[in-house]
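In this document, chain identifiers A, B, C and D correspond to the written order of the chains, with residue numbering beginning at 1 in each.
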Amino acid sequence: MSYAKQKLKEEKVFKDPVHRYVHVRDVVIWDLIGTKEFQRLRRIRQLGTTYFTFHGAEHSRFNHSLGVYEIVRRIVDDIFRGRPEWNAEERLVSLCAALLHDVGHGPFSHSFEKVFGLDHEEYTKRIVLGDTDINRVLSKVSEDFPEQVAAVINKTYPNKLVVSLISSQIDADRMDYLQRDAYYTGVSYGHFDMERILRVIRPRAEQAVFKLSGMHAVEDYIMSRYQMYWQIYFHPVTRSAEVLLSKTLHRAKELYEQSYSFRQKPVHFASLFEGDCSLEEYVNLDESVVMFYFHVWQEEEDEILKDLCSRFMNRNLFKYIEFDPAAEQEKYAELEDLFRKAGIDPEYYLVHDSSSDLPYDFYRPGIESERQPIYLLMKDDETLQELSSRSDIVEAISGKRRTDHKLYFPVDVLRDESSNRTVKRRIRNILEIYRK
Amino acid sequence: MSYAKQKLKEEKVFKDPVHRYVHVRDVVIWDLIGTKEFQRLRRIRQLGTTYFTFHGAEHSRFNHSLGVYEIVRRIVDDIFRGRPEWNAEERLVSLCAALLHDVGHGPFSHSFEKVFGLDHEEYTKRIVLGDTDINRVLSKVSEDFPEQVAAVINKTYPNKLVVSLISSQIDADRMDYLQRDAYYTGVSYGHFDMERILRVIRPRAEQAVFKLSGMHAVEDYIMSRYQMYWQIYFHPVTRSAEVLLSKTLHRAKELYEQSYSFRQKPVHFASLFEGDCSLEEYVNLDESVVMFYFHVWQEEEDEILKDLCSRFMNRNLFKYIEFDPAAEQEKYAELEDLFRKAGIDPEYYLVHDSSSDLPYDFYRPGIESERQPIYLLMKDDETLQELSSRSDIVEAISGKRRTDHKLYFPVDVLRDESSNRTVKRRIRNILEIYRK
Amino acid sequence: MSYAKQKLKEEKVFKDPVHRYVHVRDVVIWDLIGTKEFQRLRRIRQLGTTYFTFHGAEHSRFNHSLGVYEIVRRIVDDIFRGRPEWNAEERLVSLCAALLHDVGHGPFSHSFEKVFGLDHEEYTKRIVLGDTDINRVLSKVSEDFPEQVAAVINKTYPNKLVVSLISSQIDADRMDYLQRDAYYTGVSYGHFDMERILRVIRPRAEQAVFKLSGMHAVEDYIMSRYQMYWQIYFHPVTRSAEVLLSKTLHRAKELYEQSYSFRQKPVHFASLFEGDCSLEEYVNLDESVVMFYFHVWQEEEDEILKDLCSRFMNRNLFKYIEFDPAAEQEKYAELEDLFRKAGIDPEYYLVHDSSSDLPYDFYRPGIESERQPIYLLMKDDETLQELSSRSDIVEAISGKRRTDHKLYFPVDVLRDESSNRTVKRRIRNILEIYRK
Amino acid sequence: MSYAKQKLKEEKVFKDPVHRYVHVRDVVIWDLIGTKEFQRLRRIRQLGTTYFTFHGAEHSRFNHSLGVYEIVRRIVDDIFRGRPEWNAEERLVSLCAALLHDVGHGPFSHSFEKVFGLDHEEYTKRIVLGDTDINRVLSKVSEDFPEQVAAVINKTYPNKLVVSLISSQIDADRMDYLQRDAYYTGVSYGHFDMERILRVIRPRAEQAVFKLSGMHAVEDYIMSRYQMYWQIYFHPVTRSAEVLLSKTLHRAKELYEQSYSFRQKPVHFASLFEGDCSLEEYVNLDESVVMFYFHVWQEEEDEILKDLCSRFMNRNLFKYIEFDPAAEQEKYAELEDLFRKAGIDPEYYLVHDSSSDLPYDFYRPGIESERQPIYLLMKDDETLQELSSRSDIVEAISGKRRTDHKLYFPVDVLRDESSNRTVKRRIRNILEIYRK
């Protein structure tokens, strides 16, 4: 029997708190889970620094990847199977893309991508196509199968229906992470009726659509997404930890470029610092490696690196106020100046960070991300209507971008009056830090 | 106001998936949570290698420690407060001991303790009493306060009621971990009605007791405990990963003793290998440090170290059969011999492991652990009866130790017939490994 | 000790699936729960005919009333107690009003109120003030205590903060029923983070307000409310059963007025039919009484009464289409005419029903219901801001009324071609009923 | 297409809080649900008088019957389908028997059966085979199909595997009610891992068996069952309400036999009182009918009937003590005598009630119920081992019957010293009733 069709003698299951069980019958899927590149996802947290805010959020991308796979498996095996609009040949590529969609994530992805100009989607592609165990498994299916899987993940696959299962405004990826992140943090916001959504999802040429009778479940999903972004993903304390992380990497890079003599040389980071990280070096990175360096760098001589690492390890985070530097340029310049006068490098200790989200968008050609909207399938089983044209609630928030600006700084240093007392008082005045 | 009595201006809460919220009002508790020794618990998983079996089990001891604190807080603030048998002066020492009871755990505690002869209770004591941030916070309460907290944790505290809240056959520690581990793994076994148990817990001179009306909830807790031990904690796959971990540490130690020239020198392990690990070195150990070494040791020259590390990182675990070497000594000797003939070192690749549990014990003076039994408080509010004398179910399992023996080995190596084909076949025959 | 202050020797608890436990310490509350008027709520379903749509929705108003009491108890005992803005003297009247707020509901309230022109709030007042066990318990507190409790329920109580706990756009009543109805139906829409809302609720002179930090939980509550209305409370199948119920009561009244000779005389309904229902007669009504009559009326001679009762008992409901008679008056008139021609009385078998909801409203003096808006308490602990001025989502739906019109009819009769075949075909054509 | 094979054009689902959704594709099942005999189950509570103890337990047998059907559907469609030991022809009879297994239950079954010598299994058979809508639907499948369905329910069906799905020590009936009753009452005892049990259930000639790997889930199920019996089903307060109910029916029957002139004649009970209840009369009985009579009988002249009804309606229950009349015959006789002297009829006001349960039994030929034990399927996929021979916990409770005796009486009457003061004091002394 062809490798693509091989089934395990007995179904394997993973106990999963979100989906109860994740079911695996295909040998290809089982083999992919066993690869070292996939197992590496166990060492990369799903929510980066969120565990500093919500201590339950310690789950990994391994966890989430299995969940996305399971949702796609249920859609194609339980709902799409046998429908004329669904091509059964697309089953395996859908499952593999679902499982592997996050495989290119590095440790603390956001910060790493920003500091080093990386792109996890690019690395996902390289892992799928390059000299890896994953590629070897996929190639056993057929020569061009790795290309197909990569195309689905990169949204260039010709069958847009398949792409939409993994990347759209309502896809298996989002449906899993909203529920999963809510479960592990313990918040109630991520709940929506996925069972109902799965019952009403239908295959169409350009994308998956949703029967009108499930509209309220879809609305609820959009609201969950909105709440999770502002309650969890953009939580200012989480971002404070990310600021520390970015600044630490930044500092280490700067020192490296200045040929600073590290006690613990950043061998695992060297190629990143040099802007030329090979596939092999990339997959060698995970969060335990990063944590190890941060751990030992607490003993470095450089005061800034040492301080930032120690703050990160011991959760001694920066405090914050609402502040948009673009709107208050003079004040910001004054603050930078005062920080310098107080002997605190504003480059590392006065940090602006912004978050921005567009909870749902209808189709606006030529504008911004050109997101594919969500379509509802009318009772005639043919006509499609765009979600926001039917839903008052979704219409109300469609296309509305919300942005939030914060300014981060080490309040403990600013309160320490053993030095630069006057300047620090002026700073505290501007930042409106009063004694608790 | 004395430090012991200081309250935060506004209560702090931690969102917790098990207890909904963990509430902190006391400045002492808040300060302890902020210490680096306590924050270190974020980098030590609650369930060691269990995440290889149940992928959801990635939660840390930080997580659990807050939970134990919260349960004790509810007991003393909501139930014991105001009762004549409860001395309100014991409140703070109870809370601190609850929070800190696991602070001496090292990375992958079980394996480390076994291989290096460590004792986490000893290190807990040293962290509480030694030159640490935790000790500095506790000492601000009073000079002998650290000693008191350590005494509670070490069960030498004179007020046995306080000790029983944290260490007994039904304590806050167990009540938290059963529920928490069930939540993160997603299994249904850890559920019992803690709310009911908390409603019926009462302070008595020698220990906390439980009103008769809550007996069924206590029974259910005992059953949960039994199931969790055999379903989760002693799961053979988890133990297989532990076997790998122990053997890796073992090998590294051996190589160190043989002055093997490591590419990545085990500086963080040196004192452990030498059997003299200082407090400072100990608290510098966490799971990201261990994972880092395992990661880089995949590139070592020593074949065994390299192989074991790679297996651990990539979850290429040993398989197992039921086998008690004590009962089948000859067969075991034969297997060891055959392994050697096949060029596979039995010291590292043929490993016996046993688990054993006594789900509940009544008091048997002089025997084994001399556990304090659980007492039920009769309706007269005075008489106490030992649990197993009232409960058929508990009576049925009291004092019954269950033990399980397994033999672990690398099935992939034994199936590889490119070398030592005949010997491997004999081994496979004995181990009853047939083609799947 | 005064009756108002008497506590039970031991706290009583009710196991409750929504709040885990409902706690009772006050003798007054315990005595109220034991009255026959309160026990009667066990025989009145919380959600009327909803169980025909969601089979789980079989819970009673007894169930819900305990829940509202428990939420108010937690607010006043755990959060408000000790705050300067809260007058501890208001505790008991708040608890009693919470417990009793629904005590005047009759069987299938909506339909009964519409058909007989009743007002459950009026009957609540009469039960609290009249010759009842409840009044006797309340009067033991003080002579004017029944008046106070009635005033809170009727929103005429001078302390508007107390009123707002039970009747406002975010009150204990709604918080309980959204969660409870979601629990029993099994839908996911009713979940919001009540624990968080309770943590941020604060007493102010005119009403309870909510700390800004809990805004997202309040938003989520508003969304839950919106979804529950359209998914559960206004579900067209539930309304179909209500249509049947109303029409049955209507028919029985008509027959009574025509001196029709009932086999089972409607003695329990007589005073309702005559528009003069005494308090005693009212509290004698419950859903088992109504069901009994419907049951036996299946054997009446009158074809319409018999048919409607049988449909209700056996869930043979009317089907529906979207249809607004006001917008299509001619078509409606034609349909009525055709129904008559087909020998089907449109008065009973062609029924228009509309539902309408305003999910949240800010304050608009002089307009409609003049709802009190929800206020957020800023960080300065003084300034209040109206919710929709801070929340994009709430702003988006504020003041937007949504209305839905449906037309109900017996599709089985229209499909039965044994008589009036041509007319029925024309009707089916207009109603767009095609063979399934 | 044959009626047996007809599928609904679109699957129908019922939202269910326990199983999320109940799925119906078969026209036969859909038609059965629509029959009046099945809809009648909406008017019969699953747990009789339990709602007096656990207010959440207001769910109906309709609710539970759908759940049992859904579990059997999952077993046969998801697990058994395609296995050689399973005959696909048995699918429909299994589903129908699951759905209809409780259709013969009357109102408050236990009490009715005891007082009137009824047998709900007999009535189930008569409903399936007699002149009913259910019979008409089943007969459309084939002439002997009703007989087959009845045989499965009555355990006389030749294929014992089919019988075991609905009636055995671990069947769909029990799995549903344990979970459902736990859900509605809100207790935590009924949880066990049904998903796991369903994964390991396998068809064998004589019954369904369970793979060894699921043994712990089965153990947990047995423990849940044990706890639910003693915590919920045998709760002394529930039994107190049942005592009232039985005694009321008893009194009404006695009065009827004495030709007492009822104000509200018990027409619906007449044939029951006369011991000759026809099928038609039987299905006309439901709990709203019973409640109606109890309601109006509060106004009867007979003091005992009136009092018992009023107690039942207003939850003015009897209190109880542990007491086994068989063990203390003299005391019991003395109490009866004293009751008579106090003018309280012991026949109605001094009631012994016992509960007894055998949580699990292995096979003991000729003894008691000869229950079929639960078998585990060993890894060889052939050998079967009886559960208690493998499980320590189950072994410990196997065959152990637990019995509990209580004596019920109206404590309010005994405390009322306005008459028979001395005798009542003696009674109170014996019953150990002291002032609260």
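Operating definition for what follows: contacts are C-beta pairs under 8 Å (C-beta built on N, C-alpha and C of every residue); 3 or more make two chains touch, one makes a residue touch a chain.
By chain, UniProt protein names: A, B, C, D = HD domain-containing protein.
Bear in mind the structure is a predicted one, so any value in this text is a computation, not a measurement.
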item	value
Label of the chain whose CA centroid is most distant from the centroid of subunit B	C
Mean-CA-position distance for subunit D and subunit B (Å)	43
Euclidean distance of C-alpha centroids - subunit A vs subunit B, Å	32
Euclidean distance of C-alpha centroids - subunit B vs subunit C, Å	51
Touching two or more other chains - residues of subunit C	20, 187
Arrangement of touching chains [line / ring / star / complete / other]	complete
Touching residues on subunit A, where the partner in the complex is subunit B	9, 14-18, 20, 34-36, 39, 42-43, 51, 54-56, 58-60, 62-63, 66, 183-187, 284, 286-289, 291-292, 295, 313-316, 436
Residue ranges of subunit C touching subunit A (in the complex, touch as defined)	187-189, 191-193, 216, 219-220, 223, 226-227, 230-231, 392-393, 396-397, 400, 402
Touching residues (chain side subunit B, partner subunit C) in the complex	13, 20-21, 195, 199
